[in-house]
Amino acid sequence: MPSFLALGPNDVAAAAPEICLAAAGCLMVLLDAFAPSARRWFATLSLAAIALSIWFLLRAPYGLSFGGRYETSDLTSAAGLFAAATAAVAILVAKPYLQRTGEEKGEFYALLLWGHLGVSLMTRGLDLLVVFIGLETLSLSFYVLAAFFRTIHASSEAGLKYFLTGAFASAFTLYGIALLFGKAGSVRIAALARPDLGADPLVLFGLLLLLVGFGFKVSLAPFHAWAPDVYQGMPTPAVAYLSVAPKGASVIVLYRVLTAAFAAGIPDRFRTAIALLAILSMTLGNVVALAQRDIKRLLAYSGIAHMGYVTIALAVFGRDALAAVIVYFFAYVVSNAGAFAAVAALYRDETKPHPVGLLAGEGRRSPFASAVLALCMFSLAGIPATAGFIGKFFVFKSAIEKGFYALAIIGVLNSLVSIGYYLKVVYVLYMREPVEEGAPPPLAAADRLVLGLCGAGILTLGIFPAGLWNFARRAAESLPFGR
Amino acid sequence: MTVRFAFDVAAGMAIVFACVMVVHRHPVKSVLALVVSFFALAVTFVLLSAPLIAAVQVIVYAGAILVLFLFVLMLLNVPAEVRQTPGRPIHHTLSAGAIVVFAAALLAALRSYGATSAPSSPAPSDPADLAPLARLLFSDHLLSFEALSILLLAALVGAFTLARREGSP
Amino acid sequence: MAEILESHLLTVLVFLPSVAAVLILFFPERRSREAKIFAIGASIVELGLALPLWSRFDASSGAFQFVERSDWVPALGISYTLGIDGISLLLILLTVVLTPVSLLFSLTHVQKSARAFSIAFLVLETGINGTLAALDLALFYVFWEVMLVPMYFIIGIWGGARRIYAAMKFFLFTMAGSLLMFLAILYLAARHRSVAGQWSFLLSDLATLTYPSMAVQTVLFLAFVLAFAIKVPVFPLHTWLPDAHTEAPTAGSIILAGVLLKLGVYGYLRFALPLFPDAAVRFAPWVGALGVVGVIYGALVAFAQKDMKRLVAYSSVSHLGLVVIGIGAFTSTALAGSVLQMINHGLSTGALFLLVGVLYERTHTREIADYGGIAGVVPVTTGLFLVATFSSIGLPGLNGFVGEFLVLLGTWTSDHRWWAVAAATGVVLSAIYMLSLVQRVFWNPLTRDENRRLPDIRASEFVAAGVLIVLMIWIGVRPNDVLDRIRPSVEQVRRSVTMHAGAQP
Amino acid sequence: MTVALWVVPALPLAGFLLCLLLGRRLGKSFVSAVGPGSVGLATLAAWSRLIPYLTGDGAPIVEKVAPWIAAGSFSVDVSFRLDPLSALMVSFVTFVGFFIHVYSIGYMKHDETDAGYARYFGYLNLFLFAMLVLVLANNFLLMFVGWEGVGLCSYLLIGYYYEREYAADAGKKAFVVNRIGDFGFLLGMFGVFSLFGTLDFDSVFKSAAADPGRYAPGLTAVCLLLFLGAMGKSAQVPLHVWLPDAMAGPTPVSALIHAATMVTAGVYMVTRCNVLFRLAPDAMFVVAVVGGVTAIFAAVIAIAQNDIKKVLAYSTVSQLGYMFLACGVGAYVAGMFHVLTHAFFKACLFLGSGAVIHALGGEQDMRRMGGLGRRLPVTYRTFLVATLALAGIPPLAGFFSKDAILTGVFAAHQTALFGLGLLTAGLTAFYMFRLVSLTFAGDFRGTPEEAAHVHEAPPTMTVPLVVLAFLSAVAGFLGMPEVFGKSANRISAFLEPIFPRIGLASDEPPGHALSPVTEWLLIGASVAVAVVGILVAWNWYAKRRGEPAARVAASFPALYRLVAEKFRIDEIYGVLFVRPFVWLARMLWKVVDVLIIDGVLNAGAFLVELVGDVLRFLQTGNVRNYALTFLIGIVALLLIVLAG
Amino acid sequence: MTPNGIPLGDVLLASGALFSIGLAGALLRRTAISIFLAVELMMNAANLAILGYASALHSLEGQIVVFFVIAIAAAEAAVGLAIFVALFRHTETIDVNKINLLKW
């Protein structure tokens, strides 16, 4: 090993999760090229890779690595867990989905894994450069996944839109990084903790650009515009991942940066800005979702609204708030990814759009998938005894606890509005006569599995939230609040 | 002094050609304008004592990337943008307004608060000596470096996946 | 097993139906009749298990009994705490009686995906029992909301023509109420933390809170009351009710009118009063006034209805108005009367909906104008309907009278005598609208030939209705059996207010 | 051995259950046995207690059965009371009730279905149960149970022919009007409870009598409320409207419920509460005035009616007015006495009219009768006796009771009311003999086939007629005026215990003060007006075939029509109450509920949807617009965070 | 002030100006490629700023960052152009005004 190469066993152990993701990706690309017959194992292989990486992640020694630019902690484990869960859902959904569309290619899984790798970098990087690279890895992979169905116009268009807006956004992110680097003299996030920086307008400017850049990933209004179009055109399994994990990672990055920069406490104007983003996202997301006819767009807007709720916790800004965010995302994995899984299972023709009306009568035609979809809808609507309620519960609790009553009230009023469209889906499922006759094809095993898992997850988290909450609390300890 | 003058000229050129790039309606011409602009930027990089980056800028950006652009433009033989009729007045007015405000805010902020803390370390003895840079790259930023490799790989695979014609493996 | 029943009777009562519901999932679709019978069996077992509550309940004490407590989310002091006093005891019994009755009625009448129907009903029973037994506000809220879901399906899937609108309206209305209550609950818990140092959602803990200002207490109180007022429903928040009741399938209407409405009043007694005594005292006049409006308004509008179920639905508005008056008057007599009247209304209105359903299942019309003169065709139905009617208009000897009389008497002796006077007009009004219903449906010349050959009530329906009738007469003749269990609890409620009221600066 | 008091009402209740549960299956013979049978047993049971009691000292007997309702400070028992007043009531309620059951067997045989027959006797038994509870109750609430119960039965029995719309309407009307009264009764009870803290008769009256000064102030309102109840039950103006319509029910029902027993419950209640009323003179005056007005008012209407049962109905209203007039002036004994006698002769009259209607196959219009005296001898004779009794011809029952009332009124110095009473007496005699003449005198005015169908009633119907006629002849001797000796007025002596002395003028029942001369004069006057009325009526209708009456009517056409149409009270109520009520109900529903409340809510929902539908068009699908919104967002945030 | 005597302010202003110009291009051009070009310009503006600061701070880290950014830009370009090509196969144009199948 050359002397200048600073790579200790500790670093290897820390990077092991990413390494095995990368390796698996490469392996599948190669297999796809040279042993196409192995394609039917790709899903399994990817799952294995995910499992292995999460195993490594949980076993990795806590602490810093790569010269203090990489973190392993409860927080990263938590983030890694829900990201991995999302990835697993996406892969399980992808398996039958791609089979149906005859697109079961190694690239899909590879890109998914690499995107996941990007997410992992984002959540663990203590260095804006690492984070940025992670972000870009994620983005590039998903630009491609968005456009993955080259034969489908919508897919390509989704790719274009995602790409252009994404590049646009990352330019802002980059400029923000530039400013912060200039002010702090280093790209280490910790460098922002210098007391004299907290109030510097240019630093605020930079932070704001980061907020915007990651807000774009989180699809906060008004940086949300890409989401509906992209979700609509993108292959559903990819959406299942994109709609959850990257958002969580971005929020965690924001939390990292802000905790570093605002050790003394977040300035009121900045908090106001975040709060306004939250309010705008919740309101716009819910209100416009009411008017949606296509379920993927509907879920996109619902996602915008949900990120609004999460952003409440960002505005509240505190340890419990971060814990609430983590809980929320765990709940969001099972609910939202589950919803997309059900959509993928229920809409059997990917080349066509996904109007809600097409679900009519599915409640009786394919009871299981419909039941899970309905459950996901109730969970997203935040009905108690479901995971979604738990997420909302902790977010609103943190808001009330810190005295942000207005935010909380706007939040609940919004969730009232949201019931309007979530129930619409349920009623189409169960209270309309089927449009198409004849028994539907049976669910693929993978679909059964993933739907079952999501349903079980929704109820389990909804009924026994204690463990998750304690876990999230511990994870939140990893960030240096109020130091 | 001369250095400063040179910088101003280079930066000026960069800005001017950037403007050309923006206003010119024909994509190919804008690409060419951008090439020039990037060359000018490369010069400024040198003046900012980052010769390696300048070189990379010339080679990778002006060289590789923009050529790629030209190539694709030719491939798709994209026409010049004809003036929109009736056009999107709302979009343009709003954009113009927003851009002006943003630019004003940005420039003002940079102008008044741009200053940064005094350098901790002494200036590098010889900016052309790349050893420290390389050392830094492979020690502190090793992770980024490796991550970058995956990113490039992903981009490669992705581009390949998308761009190949139907039916081809 | 036995000692589990001993120590965790309430838990069993709450979750047994859900377990049964899960089991029903394993019935194949074509075995739906067996599924229904199984569901009825389960609900009857539930009823059987609930009887010990009645026998082992210590009528001499107003304290909570059969209490169970275990942690749920310890970090936030959220606990799984169940317990009942006389009020919840009776409402639970009402629930476990009405559920088998509804299922029994549906045995022959619900064909479309009957398994799902049974499941929805059993889950609903879990939700209701849980709501009635929960002593932890978080737990209460969970059950409170969980009830909505099965009810939404029951209305939406098995309902009438405008069922979608009705179901949606029902869900949104109730949700709209409870969401603010949710925030208020969170505030209480947070307040308890800042005052006492640790989190708690336990009613007994939160009831000891003092609030920073009267304004705060008032706001919280209103947040709670909104939720309950919508559920009751109190004028002018009642308009979801006619739609929901009318469109819901008969069984749904029975449970909806029989139990769900009571939960509003129950919530007010159990939570709003002890938590916000001062605000409660301050707003008592408004509560009573709204009750008076409800009594008269509901009666008048009921009279104008052309649809049997709608008429009965509006009569519920009127009856619950009376209950609300009793709560507002807040004398022991009035409170006892109100609680009793909740039970009575559950029985009488349940029976009315059931019998209307009997007719509907034969003619498939709810229009009053489509009937007339069928007393001779369906004498038994007529007889049962008459009894239910007279119970509902408070004829002495039947249950309705006792509750009505106690409420009015108690109100008269409170310092709001005029409420009693105004509400007593309900005695006349209810006679007017119910009797004109009876006349237009059962009496008058038999004009429509298709009504000449209506089959009379069937055995299953007769049993279902008979149970209710028997209970009506029983309560009417021996009201003390029930009142004995109500009295101490009511006194407890009054104490919880009178003790803490005035603490607020 | 003595039967418990509760057995007395319990027996008819059992009969009711048997009839309704088994009657349809086991048929008419079973019902005919059970229905009257249970009442007969009840009668025996009642008398087995009455006979020893009548001979005893008249101390009240209270038998508590069980506690009934207890909540808060309120509690009340199920307990029965036997005292002179209830004894008096029970005696004739059971008796008359029994005979009317017997009569009904004959009358209702023509009712085709077993079900209907069972229903009829079931209801009739239920009525007796309720009536007995009413009179035997030992507290206001239990009394109210009977009070509402009899109302229920009258509702059911009026609407017995439910497929006839007017019968159903009449039933509903009766119940609703009664409920208006009960509204008063209910509030009255509340008043009593908040004054005395109990609803027990003994304790209420004792404490009232013990400390008049304390309670008197609150009592006027209470008494008026209670009296409102009485007005509803006993069909006093302006709540009299239901009674004439109630004739839609079977005639025996009219006889039992709407003449003999139920309608007198009001009088009974007022008498029962005499202590309270005596403490509230203003209320008593109201009672007297209402009674007097009702008496004359109904009598006037009765003159112009052609339906035989309507005449009797208005006569009943009028007589009830008489009784309240008595109570109002403090002559409670006279009132109760009249209740008793009236029960006999009015029941007899109704049953007689029933026999007539039965004979004519349902014909009720007197203009299509006539000359039936010869064809229905038994009916005719009994009817005549009862009529004379009602008209107040000595020595028949009505004479004594009516004379007692008039004496009382006169002695109370209510000259105006006395005038009314006297005039009413005359009118009564007149319209009753108009009725008799039109029905039995002259020759038959109906169709030949009706004429052919006419026949005397079966013995089940005639026997009760005879019995009742006998009683209406002799019952009067129970209460002969003082002039026949101090102890002549047995009934007043008997009822003495229920009028405790409370140290007021009203302690002395009026009439004692009068000199024999005045009494004789009064007797003469009442007899005179009666005789005049009889002669005029006989002359006009029997001798001269009614043409003088026609002439009179023709000379005041408007007035005649007004009277014939019962002063259009129903129409007035329709305009004043019914239509506004209906309008209000529809308005509240259509406007407040649908238009305003739901309108607002739906509008809100629609608005949100609309906003969503508009906003979604911001999503133009054009990336540049997305970038623009993005930039605008940044600018906005910049301005928030950095501005200033 | 950088070692070579170039005032930091000038550098920053220049970068700011370039960024704004790029922004204008991104918003006002219609051809997808031109938009992307503008975005590239924005990134270069960032690079300029970073290098300016780097030299002012005598830090090499800045150069490293820029180095990475250029690489990333290259990768982005590759993917982006591939996407353009793929879409062009469907639409025969890359005028974003005409690319609005997905909307509302």
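To keep things simple, chains are lettered A, B, C, D and E as they appear, and every chain counts its residues starting from 1.
Basically, contacts are C-beta pairs under 8 Å (C-beta built on N, C-alpha and C of every residue); 3 or more make two chains touch, one makes a residue touch a chain.
Please read these numbers as outputs of a predicted model, since none were measured by experiment.
Visitor: Given the touch definition stated above, what is the smallest step count connecting chain B to chain C?
Guide: Contact-graph shortest path, chain B to chain C, evaluates to 2.
Visitor: Greatest Cα-centroid separation from chain C: which chain?
Guide: Between chain C and every other chain, the largest centroid distance is to B.
Visitor: Most central chain by CA mean?
Guide: Closest chain centre to the overall C-alpha centroid: C.
Visitor: Write out the two chains that share the greatest number of C-beta pairs in contact.
Guide: B-E
Visitor: Measuring centre to centre with C-alpha atoms, which chain is farthest from chain A?
Guide: Following the centroid criterion, the farthest chain would be D.
Visitor: What whole-Å value do you get for the distance between chain A and chain D if each is reduced to the mean of its CA atoms?
Guide: Chain centroid spacing, chain A to chain D, equals 79 Å.
Visitor: Compute the distance, rounded to whole Å, between the mean C-alpha positions of chain D and chain E.
Guide: 99
Visitor: Which whole number of Å gives the spacing of the CA centres of chain A and chain B?
Guide: That gives a centre separation of 30 Å.
Visitor: Using mean CA coordinates as chain centres, what's the gap between chain B and chain E in Å?
Guide: 5
Visitor: By residue number and range, which residues of chain C touch two or more other chains?
Guide: 172
Visitor: Where in chain E do residues touch two or more other chains at once?
Guide: Correct list: 15, 19, 22-23, 26-28, 30, 32, 35, 47, 52-53, 56-57, 59, 61-62, 64, 68, 72, 75-76, 79, 82-84, 86, 94, 96-97, 99, 101-103.
Visitor: Touching at least two other chains at once: which residues of chain B meet that condition?
Guide: 88, 95, 98-99, 102, 105-106, 109-110, 114, 116-117, 120, 140-141, 144, 148, 151, 154-155, 158-162
Visitor: Chain pairs that touch, all of them, please.
Guide: The set of touching chain pairs is A-B, A-C, A-D, A-E, B-D, B-E, C-D, D-E.
Visitor: Which positions of chain A touch chain D when the two form their complex?
Guide: Per the touch definition, chain A meets chain D at residues 160-161, 164-165, 168-169, 172, 201, 204-205, 208-209, 211-212, 216, 221-223, 225-226, 228-229, 269-270, 272-273, 276-277, 284, 287-292, 417, 420.
Visitor: Show me the residue ranges of chain B that touch chain D in the complex, using the header's touch definition.
Guide: On the chain B side, the touching residues are 88, 91, 94-95, 98-99, 101-102, 105, 109.
Visitor: How about chain D: which of its residues touch chain C in the complex?
Guide: 20, 24, 67-74, 115, 141, 144-145, 148-149, 152, 155, 159, 162-165, 168-169, 171-172, 175-176, 179-180, 182-183, 186-187, 189-190, 193-194, 581-582, 584-586, 588-590, 592-593, 597-598, 601, 605
Visitor: Which positions of chain D touch chain B when the two form their complex?
Guide: 622, 624-625, 628, 631-632, 634-635, 638-639, 642
Visitor: Hey, which residues of chain C end up touching chain A in the complex?
Guide: Touching chain A: residues 71-76, 113, 141-146, 148-149, 152-153, 156-157, 163-164, 167-168, 171-172, 175-176, 179-180, 182-183, 186-187, 189-190, 193 of chain C.
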